[in-house]
Amino acid sequence: MTAAVLAAAASGCGGSGDDSGSSAPGVTATTVTIGSHQPLTGPAAPGYSANSAASKAFFDYVNAHGGVHGRKIVYKYVDDAYNPTQTVSVVQKLVLQDKVFAVFNGLGTPTHSKVVDYLNAQRVPDLFVASGCGCWDEPKKHPQTFGWQVDYIREGKILGDHIQKTYPGKKVAYFYQNDDFGQDGVKGLDKYVPSGQVVSRQSYQPGATDVSAQVQAIAQAKADVVVLFSIPTYTALFRLAALKLDYKPTFVVSNVGSDPITLDGLLESFAKSGGTKLQGSPLIQGMVTDGYLSSPGDASNSWIQLFRKIHDQYIPKLPFNGNIVYGMSAAYTFVQALQNAGRNPTRKSLVDGLEKTKLTGPGLIPFAFSAQSHAGYTGAQIGVIKGDVVVPQGQPLTTDDGDGPIQPYTAPQPQAPASGVPAGG
Amino acid sequence: MGAFRLTLVRHLAGAAAGLVALYVLTTSVGPYRDLQIAQAAYLTCAVAGLTVLTGLGGQISLGHGAFMAVGAYTAALVSAHWGWPLAAMLAAAAVVTALAGVLVGAVAARLEGPYLAGATLAFAVGLPGLANYSHLTGLLGGQNGLTVTPPVPPAALGETFPLERWQAWIACAGAVITLFLLANLTGGRFGRTLRAGRDDEIAAALCGLRVARLRIAATVVSAACAGLAGGLLAVVASLAAPGAFPLTLSLQLIAAVIIGGLGTLPGAVWGALILVFVPSWASDAASSSGLSHDVASNLPLAIYGLVLIAVTLAFPRGLQGGLRDIGGAARRRLPPSLRRFAPGGGAPGVPATHRGGADEPTTDQASAPDPDPEGAGGRDDDGGGAGGRGERLRR
Amino acid sequence: MVRFVNLTLAGITQGAVFAAVALALVLIWRATRVVNFAQGGMLMFTTFLAWTVVHDGGSYWLALGVALASGLVIGAVAERVLVRPVEGGPPLNAVIVTLGLYVLLQAAAGMIWGDTPHSYPPAFTIKGLTAGGTRLLLSPFDLFVIGAVALVMAALTVLFVRTGLGLKLRAAAFAPEIARLQGVRVGRMLTLGWALAALVGSLAGVLIAPSVFVGPSQFDAMLVFGFTAAVIGGLDSPAGAVVGGLLLGCALSYVSGYISSDLVTFGALAALIAVLMVRPNGLFAARTGRRV
């Protein structure tokens, strides 16, 4: 009898301790637990393994500065080795066993597309998928899922528009990764680059060890402009093969494959002149690209200053490159979303908050988030690599992923908050 | 004949006991554990099929992950295009993969040792890559693969019946049926001739066995098991995608065969359990360790590598062989008067229903590490005439 | 025509790199009868050590020396500590131990150096040579790689065919009991076999590194293609490894250039099967009669 009463009391205590005004899974009086699947090992680990470390560092920084509404963010990211079977397994573990409040920044199209249905059936907010597939923006079918980065079709349109205007009549060639990243990018490009101008379309398979056959075909077609929808290692491989063939076109590289710091690391051994450390590899100078976040080499940018400070404090060993800026920017957006979810966040208030409040954040471009759209950044700004910085050209541009026009966006990029923590909502 | 019937009855009883135990287990744990049980169950199918091929047939395969891919894609396609019911979908996965096994087996039967390893390795790498071939992407979904609609638990189980438990039941039923069929198959003439072909190809041929055909048959059986495993994976994980069948998967399967105990069906279960639970446990340990990012990210991989090395060094005949050695040693410590009452009675590995007689090893030899562990001798019911003939042929 | 010449040159360059890995696998197979999956991990690790030297300002040749020396040590230690206990046991156990070692080395490299790939300098320029006014897909560095591979092939052939040491290595691997009776110190020979194979592997790593970058999983594909090349050529023959590598390299280059880049790995499978159907023990298999 006594034991039963004690047990009831104990469970009552536990219950009230857990609840404290919010009945949402993963939320306690002092913590909010979120999860993610990330490629920490395996084929996609090079480069992308750093994203989650950067997000974690940003959350740790926010926690050290009071957290969100007094709660600390506990970020559990689990390795899925970029294997969809493992993605399914780790996401179910996060939802069923760790009872996460939301899934944040799950990485990859082949991987995340296999858990979208599950997360929506379980009504788990699925925020800021780390992939530029347009497929995250389906609010009717997947009301819990939100994209974040600019999708590859929009990016292709903006790059295609730039090529059409800047290099009229020139011969253009495409070099793209043979998956939705490259294929969507080409879809966007084809909306603007006149088909008569495209003299060669070459693709590569992720995991291939040699791309010189493709580079040689493009060089033989004498393309003046080469558009690369490739990840950084293949941008570097293309660049080296072009060096071998003494082929010097204008390079236009998608955001994913153009991070100057990463490319420097991949190319530095080939560009040393007299043993001096160069500021930016000569092999990437003048590359045209596009961006929706601050460039990691831009030391005068307030966001880069903030992110570098956090990087130096929490993860000093990792190279400060585009992946770090990406991970921290996404984490910043999540902190904003959590603040908008109110003092006692629920899964519903998190999703509603995103659909109702206009977020302004690290990016140069506005988000599309609304009840009708779950797409993330709606465009990008053209830039040129000088040294190890992407120097912006013209104005930021926004567009849609259909046949809509490309329009300039005139509002300046907001400054990073002095405290580093987004102003509470 | 009586002995055969006895074996069949024992296998049936074993299967029934297994189903009951799995029922109790799956209904007493949470949904995530159910999912892990389902994963272990489908991996058991693939590992069991491989252990028959490699342990009894003597043919290595580093390409069973590709067979699983064939099964998974078959299941996904017949379910998406023709809406086949679950059982038909899984049967199609097994049958189509068995057909693929005929082709692979015909090639593999001519090869040996590292050449077979190399060919099957290339198979593991090359086949899933076909999904990216531009003329097939419309059908196979390219790099992103296909999404499979998860099965719906029957209404009779109630509305709140967890999907994960239903998936676990499906996968466990598949595993139990696979083990039951393989136990009967390898305990009979098929297993006997397989071992004969493995132990001495020429002697077996002189005895009138068609070794090449035998090897193809073993590959087909093994492929069917892997195909069923792939079909079950498609049902449990709701997908078929090239990234789900990397070379690592094929290497994990052969590793599970060895650390479980080459040629033994219970060993296949041990191996599958290790594949599922060690990484999950290691990943928990890593994420709560507070180590730096690079160290914590790679810690589960390091633990997995260490487990592979440690188990192989500590138990050269696999976990199942190790357990039997420990069991044998414990029994030997008993005074002789008690020994025959100990479970298993007498020599480990020499079954009560033993008929082969003359050239079977004695107690002490059997419990000493055997340099050439006699394939499926791991299973009690398998000794007798089965191992006997192969052994005799060799001598 | 330019296209064909360039695809062939690209194939030969790739093939030389496959051959470098294949040679290490052939050496260890001849000397210990084990297919060493850890080869990929060992050469990745030694290349990382060499990269550290270069990164800290050391010269290319010093780094190469460090790679070779560490290869010798890692090979010998791996044999003594991990492989020795399973030698003479079921052959697959040794395979699984090497697989475990491979996974372990990959994890260790990830822990020490992180997952971001790094560039590795070539010994000579990678700018292509010019012939008849066109730049070819063949650079002085490629010639260096091809030359180094040819040299290793010749050295291995001489070692196995002409020297007493080679004979002892082969004897220890093929018939340890008989070799022991003849006074061959079998254990020492096996250790030496592993050390030499790891040495060749570490050279391969440094030769490959400029074209695939240095990272924990950057060499995986090379191991697969190297193994395929060794099997095509015949695991018992150094010359076979080189011919197998060149054939595979050219086949993949033609598939990639003339058919489709999607089919490269499938092309490797097709090439391997085609060869094995005609020659089940590889192109350069010694004629083996089976006596009953």
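Note that the chains are named A, B and C in the order they appear, and that numbering of residues resets to 1 at the start of each chain.
Here, a residue touches a chain if its C-beta (ideal position, glycine included) is under 8 Å from a C-beta of that chain, and two chains touch if they have at least 3 such contacts.
In this text, all values refer to a predicted model and were calculated from it rather than measured experimentally.
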Interface with more contacting C-beta pairs, comparing A-B to B-C: B-C
State the chain with the largest centre-to-centre distance from subunit C, centres being mean CA positions. A
Chain centre separation (subunit A, subunit C; CA means) in Å: 37
If you average the CA atoms of subunit A and of subunit B, how many Å lie between those two points? 40
Once you find the CA centre of subunit B and the CA centre of subunit C, what distance in Å lies between them? 32
Counting only residues that touch at least 2 other chains, which ones in subunit A make the list? 40-43, 45, 49-50, 178, 205, 317-318
Please output the residue numbers of subunit C that touch at least 2 other chains, ranges allowed. 106-107, 110, 114-115, 216, 262, 264-265
At least two partner chains per residue is the criterion; list those residues in subunit B. 129, 132, 134, 294, 297-298, 301
Hey, which residues of subunit C end up touching subunit A in the complex? 2-3, 6-7, 10, 13-14, 54, 106-107, 110, 114-122, 126-128, 135, 137, 139, 210-213, 215-218, 221-222, 225, 252-253, 256-257, 261-262, 264-265
Using the touch definition up top, name the residues of subunit B that touch subunit A in the complex. 30-32, 35-36, 39, 129, 132, 134, 142-145, 147, 164, 233, 237-239, 241-244, 246, 248, 280, 283, 287, 292-294, 297-298, 300-301
In the complex, subunit A touches subunit B at residues 40-43, 45, 49-50, 52-53, 56, 76-79, 81-85, 88-90, 92-93, 96-97, 109-111, 113-114, 117-118, 178-180, 205-206, 315, 317-318
Quick one: in the complex, what on subunit C touches subunit B? 29, 35, 37, 82, 85-86, 88-90, 92-93, 95-97, 99-108, 110-112, 114-115, 216, 220, 224, 227-228, 230-231, 235, 260, 262-270, 272-273, 276-277, 280-282, 290, 292
What residues of subunit A sit close enough to touch subunit C in their complex? 40-43, 45-47, 49-50, 178, 202-205, 207-210, 212-214, 216-217, 220, 233, 236-237, 240-241, 243-247, 262, 265-270, 272, 317-319
